[in-house]
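Paired with chain B in one complex and with chain C in the other, chain A is shared by the two complexes that follow.
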Partner chain A sequence: MRGYLKYFKTELMVGLQYKAAAIAGICTQLFWGFLFCLLYEAFYSYANVDAITYREVITYVWLMQAFFSLIYIKIEDAEIIGKIKSGTVAYELCRPYNIYFWWFVRLLSRKYAHTLLKSFPVFVFAFMLPSAYRLSFPISFEALILFIITIILGSFIVVGISMLIHIISFFTLESKGIASIIASIGGVLSGMAVPVPLLPLVLINITKYLPFRLIGDTSFRIYSGNIGIIEAKQTIILQLIWVVILIGFGLLLLNKALKKVCLQGG
Partner chain B sequence: MKLILNYLSIHLKVSLEYRLPFFFSLVSQVLYMFIELFAVYALFSKFNLLGVYSIDEILLSFSTVWFAFAFSEMFLRGFDNFARLIVNGSLDLLLVRPRNIYLQIFGSDICYEKLSRLLAALGLFIYSSGKLIKHFTIGKVLLLGNMLLGGIILFMGLFIIGATFCFYTIQGIEVVNVITDGGKQFAEYPMRIYKKSLRLVFTFVIPITIINYYPIDYLMGNTTNIMYIFLPLLTFIVLLLSINVFNFGLRKYHSTGS
Partner chain C sequence: MSYISVKHLNKEFKVAQRGSGLKNAFKSLIKRKYKIIKAVDDISFDIEKGEIVGYIGPNGAGKSTTIKMLCGILKSDSGAMKVAGFDPFKDRVKYVKNIGVVFGQKSQLWWDIPVIDSFELLKSIYKISDEEYNKTKDELVKLLELENLLSTPVRQLSLGQRMRAEIAASLLHNPKILFLDEPTIGLDAVSKLEVRRFIKEINRKRQVTVILTSHDMTDIEALTNRVIVIGHGKKLYDGTLTGIKKKFSSGRRLEIIYRDLVNEPVIKGTKIIEKGNNKVVLDVNIDEISISSVIKKYTDVCDIEDVNIINEDIDNIIVKLYKGYDL
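And now, the complex of A and B:
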């Protein structure tokens, strides 16, 4: 356990070094946040939607930008994929640690490093905007606590999914295609394109049975009060279940993959 | 010309080497586009705006922009990933060859994965314009052609401007995508939904309204001003401008290699 923690810290430090990239990222996030604000402003000037208010959508937009690196599903780690392709993964296997959790920690730490660098400036900026586009404060202290818990659990879910994508490349040796299919479907179902309450009813029903919605969407809505406290607590249980499922499935798949791995090494 | 064909065929062969992943990529690319379209449609239906904006108008706005965007993503990949050429020194290699530099950057990478998107967008464009236009005239058909052409030219210009930034930043191209992706994101909705001030920004700063907002006005018969037909061609100004900026950047370029 201590080994994993140490690795987490080292990787976090490495991630925090990329400050220039972070500044670029912050600008991008601010731009997109603003863009979505203008877009929803246009829509809400025509009509209101019962499922989610304009204020809640604006809050949603800014939280999503602040935590974008944390909730975004993609192949983050070209290095892991590269290792799988080139066969240097053999060295990784020599470590006295479980390779699944080792990579899990790596992906997680990268996500936190990016988020730590980006989220604070986005928050500051979003709190200072004119009131029409401003990020609201959390609805209550309890909601804030639940928001923090759910967003952390959400990050486990997203890394669990991304681990599965990485493991699949053991079998296919090219994960870009599958990864982007999962990423684009997951993106919509996790509310990256449009907040989940604004999706068509059919999709909303589908999201209930999948983990994607639990990555960011529910957390953001807990923050703004769109989801009540009781439902928020149920969310945590649901998240825990999904974390166990995803990690269990990942471990299983990885063990299967590792039986084949000797074929690739040279 | 022969060189272009050569580039095209080489990259096609490369793509086809990994057949299954390539197929997955084709699917995922077009899937992504339809998901976006679905999101656009979802918003309009949630806000009960489908009476005000017909589905064909939404489709046409969407497909015009996505066609242009996919075209640039496919053929201007070299400019899209220009930082890579600078960082690993390949640009120096290209510069010493006795061929046009634009041609070579074009040839450095062609992304066939976007082909599915390109064709799907074109299909949507033809379908929706066929349904939107009540009375076909020569002018309207001409305008449709100009919209496609203007879109391609505009995004070419934007991609080249984006690449120019890399001369100064070497890295951090994420910001640059804001112009292209951001423009696309705004313009995939029928642009009359926005406030006038915002539309003006997208007319005079990033002139994206001239490839779908104004032309669609004409196609729907809201105006008969003949000038509208040729409006999309003004995007050539953007391309010209971007080429000049790029050339300027190129002259000041210092290699990152040793």
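And now, the complex of A and C:
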């Protein structure tokens, strides 16, 4: 356990070095945040929506921009894929740790590093905007606590999914295709395009059976009060179940991959 | 039972085959053809504690595959393997605490962080106590002259510096067995000598069992006398390097520098390669005539000032050996 923690810290420090990337990221996030705000302002002035209010959507938009790196599914780590392709993975297998959890920690630390770099400036900016576009404070202290718990559990779910994408490259050596399919489906179903309550009913029903909406959507709505405290607590249980399922499946798949792993050259 | 015991080890790889061109590319989308390659074919050997063993063979012979199976990375298809009382693949996590590994072409250090941070990380991974860590680290740093490199990020090290750091990293947790897969690849002469000196030192001081693969025969010659030669996945030879030399090189080259020679003696079993000013170089076939009798024949007719016996270059011998086995 100490090893994993130390590794998390080391990787976090490495991740925090990339300041230029962070500045570029912040600009992108602010741009999109602003664009979404204008879009929803126009939308809400013509439509009547019961599922989620304008204020809640604005809060939703800014939280998503602040935590974008945490919830976005993508190939996090070209290095892991590179290790698999080049065979450097051999070294990892010579270490007394569970390679699944080791990489899990690595992906997680990357996500946290990026988020730590980006979220703070986005928060500051979003709190200072004119009231129409401003990020609201959490609806209650309890909601804030639940928001923090669910966003952390959500990050475990993203990394669980991300790990599956990385492990698949043991079999295919190329997982960009699979990653982009999962990223676009997952993106829509986790509310990255529009908040889940604004999706067509069919899709809303689908999201109930998939882990994606538990990644960001539910947390953002807990923050603004769109989801009540009781449902929020149920969300946590649901998240835990998905974390267990994803990690279990990942472990299984990786074990299978390692049995047929073939390392050439060198 | 031996410290490392390998019995009838087998490993096959399935390699996808595809003809060239667009047509074949489409064909292989639907149906793939595979070729089975026997990377390791019924290999057995024993290694005792504290030995240094050179594991040699041409490219693609199955060296690295064997090493990877010994490290617990690859699962063998059949055969039994016991290393320090463990089954490497089955008991991987427990087993790997006992081994150190250096793959010359790959890096185990973290690219973006200083060497010392990599060491600290390894300390946590292997759960090394502070006291033991400091002791081992100081010893390794001194032996490998790493003082000035410790705070440099790995990506800024030269290959020679990196290799020294790699070896130190592989020994931090005091492993009982060290696997070195081409540790001197790409190194300059000075770094090579350094690495060799160090491997010897570690073997002597800590009784670390070393298994070494290399294409550089001078590495092997400098470090060990026991070699295992494999080719096409099969074990061809297991014994001393001197044994190989005897088997595949019957010749010695003799250089004699003399004074006052009137008539060059004609000696059966020798061939004059070069003759110059008071100097002769001959190839001696030691199956026909001993070196001492050749020298004696010369002393009979002249004053000898100096004699050099030149052994055949080990690389040439290995080439002969590979040819002998039709590799």
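Operating definition for what follows: the second predicted complex is superposed on the first by the 262 of 266 C-alpha atoms of A that agree within 3 Å, B and C clash if a C-alpha of one lies under 4 Å from a C-alpha of the other, contacts with A are read in each partner's own complex, and residues count from 1 in each chain.
Operating definition for what follows: contacts are C-beta pairs under 8 Å (C-beta built on N, C-alpha and C of every residue); 3 or more make two chains touch, one makes a residue touch a chain.
None of these values were measured; they are calculated from a predicted model.
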| item | value |
| --- | --- |
| Chain A as common anchor, with chain B and chain C clashing or fitting | fit |
| Which partner, chain B or chain C, touches more chain A residues | B |
| First (chain B), second (chain C), both or neither touched by A:Phe120 | neither |
| First, second, both or neither for A:Ala20, with chain B first and chain C second | first |
| Which superposed partner A:Phe137 touches (first chain B, second chain C, both, neither) | neither |
| Chain B and chain C, minimum CA distance [Å, superposed model] | 7 |
| Residue ranges of chain C in contact with chain A within the complex | 13, 64, 68, 71-75, 92-94, 96-97, 99, 101, 103-108, 110, 112-113, 117, 120-121, 124-127, 181-182 |
| Contact set on chain A toward chain B in their complex | 20-21, 23-25, 27-28, 31-32, 35, 38-39, 42-44, 46-47, 49, 51, 172, 174-178, 180-181, 184-185, 187-188, 193-194, 198-200, 203 |
| Chain A to chain C touching residues, read off their complex | 2-3, 5-7, 10, 13-14, 17, 86-88, 90-91, 93-98, 259, 261-266 |
| Residues on chain B engaged by chain A in the complex (per definition of touch) | 18, 20-25, 27-29, 31-32, 35-36, 38-39, 42-43, 45-49, 52, 169, 171-172, 174-175, 177-178, 182, 185-186, 189, 193-195, 198 |
